[in-house]
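Chain IDs A, B and C follow the sequence of writing; residue 1 opens each chain.
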């Protein structure tokens, strides 16, 4: 139970820090809104085209906004060497991973929750449905997990945050394809069981990626 | 893996020569088979012959990635610069083959389907792998410290490779449900001769991969040796 | 409390530590001096279990650091030249977080006590972002001693501190050794080493080249000795 308590403490710490400054969440929200607008203009999304494009635009926006949050979250640890503080403590490295990953998941979720009504209005699609939330959660879990691992790497490079999208996006292809397809299918009125193939890919991805991240995170943060 | 005493001059590379020889023979055989032995394909004509090189290089590209994955795992669990060298060499050589895959795919697509790019599964997954390879190379170039570079690269190689089969399934499924109007499925009549040619092509390219890999590894070992010697010299000079 | 044997650390072709044999007993107050690049920070990070040696062994409180051990980490307090503090949290929130990481009840009075001890009692609700360099350093010291570690490893603890703060921290450290802790600090200021340390070690090119109890060091000639040693 100590383990869980420490994971919770890390999550709490990230939330508290964010509450004080609010810079990360607001940046992610503003960026998402802007990205959505730009997609709409650039692709001239109206009517049927808007409905068809909605899942793709949604997940693209989430992916890009996500990299902002993931980078920032890790950068906070690196700034003043806090990651050393975590490593010094009698804390399991996987607990550090879970703490950061769940924190990132929460922040991304906040942004997604804000995006859904925006999309529903702009694209005239019924996104506020429980089934779509399932897909959102599954997709975000995988993305946040691999993103946390890669952010820990990226933050230690010369290019820093700029490196993260380069590293992350090719690895997120399965999530993006599956999540967009599943969301699209569900929007057309399919039941969860019909989007089962895509959801299966998401679940497998999540399990595999979390497992690999847990196994390798220690190697990334420890010298 | 060449092992010689740290600072001696490089020995004659017998294995390297053998590999190069084998590759030469196999490639010539493959070329012969592709142009002379394999039949002319019914619907696509001679252009289809690119297919052999396309699939062979795709296989090698993926295999190179797999080797990097294994090298990464061993490096993390056991350590040892030579595993790091294997990983980075395999990426460089694999990258070459993946570029070949994408280019041959495009060359094939144009006459057959009238467009340079189709979202055909193999081409798409090759493009994804290409991007991963490039990301790996960029990552390596962006880290300070050899030990860190090796460690991060190993982790990235492992995580990245694990996503490739998943990407493959996702892309395959996506293309099955939403096939390109242009490509449809793989409408190619396959005969035994074609399969034989394909196998020889794959073997030839794999041998080529082995040859290039060995040379790249030797190059990196030479670099290490050079750095060691230079530092020794610097230390001796600074003692005065 | 601190035992190292044949400790080496190489970064590729570069050698940072070339065989360090160290033995520090409980309640000792050791000052480690050396020029930049001597390997002080590397040594400290290895002792703190933040880095792995290339070869050799380290034992803290009898526990081998090669076997990753939460028990060993609990004994260690570490001060780096980075503050290890979250700028977006208040002083109190920072300490409460670290308390939780060390399995200390966040409601414990220890946090308030240690804040007062470093003179930051009144600023506990302020964001670290608003702190001066000296205040951050003091808070960092508080963080390092919060869990009452048996071994305190401090990398340049007096940097950024005005003379009063230096005295405050020094008396805190002396208190801790009195209470049973072991202190090993590094500094490039010989003056600090001489007044603080019961034992002076000089590190040069990754090796210990001088090791003497403080009372046998002649303050006047020490700087000349130091210069010769670190030629």
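Operating definition for what follows: contacts are C-beta pairs under 8 Å (C-beta built on N, C-alpha and C of every residue); 3 or more make two chains touch, one makes a residue touch a chain.
The structure presented is a predicted model; accordingly, all values stated were derived computationally and were not measured.
Asker: Which chain would you call central, comparing Cα centres to the global Cα centre?
Answerer: That would be chain A.
Asker: Based on CA centres, what chain would you say lies at the far end from chain A?
Answerer: C
Asker: From the mean C-alpha coordinate of chain B to that of chain C, what's the distance rounded to whole Å?
Answerer: 49
Asker: Hey, how far is the Cα centre of chain A from the one of chain B, in Å?
Answerer: 31
Asker: Hey, how far is the Cα centre of chain A from the one of chain C, in Å?
Answerer: 38
Asker: Residues of chain B touching 2+ other chains?
Answerer: Residues 147 of chain B each touch two or more of the other chains.
Asker: Could you pull out the residues of chain A that touch at least 2 other chains?
Answerer: 223
Asker: Note which residues of chain C are touching chain B in the complex, please.
Answerer: Where chain C meets chain B, its residues are 11-14.
Asker: For chain B, which residues are in contact with chain A within the complex?
Answerer: 76, 128, 131-132, 135, 138-139, 142-144, 147-148, 151-152, 154-156, 158-160, 162-163, 166-167, 169-171, 173-174, 177
Asker: What part of chain C is in contact with chain A in the complex they form?
Answerer: Those residues of chain C that touch chain A are 45, 48-52, 70-71, 73-74, 76, 78, 80, 82-90, 93, 97-98, 100-103, 127, 143.
Asker: In the complex of these two chains, what residues of chain A are touching chain C?
Answerer: 2, 5-6, 9, 12-13, 16-18, 20-21, 76, 79-82, 84-92, 222-223
Asker: Hey, which residues of chain B end up touching chain C in the complex?
Answerer: 145-147, 227-228, 231
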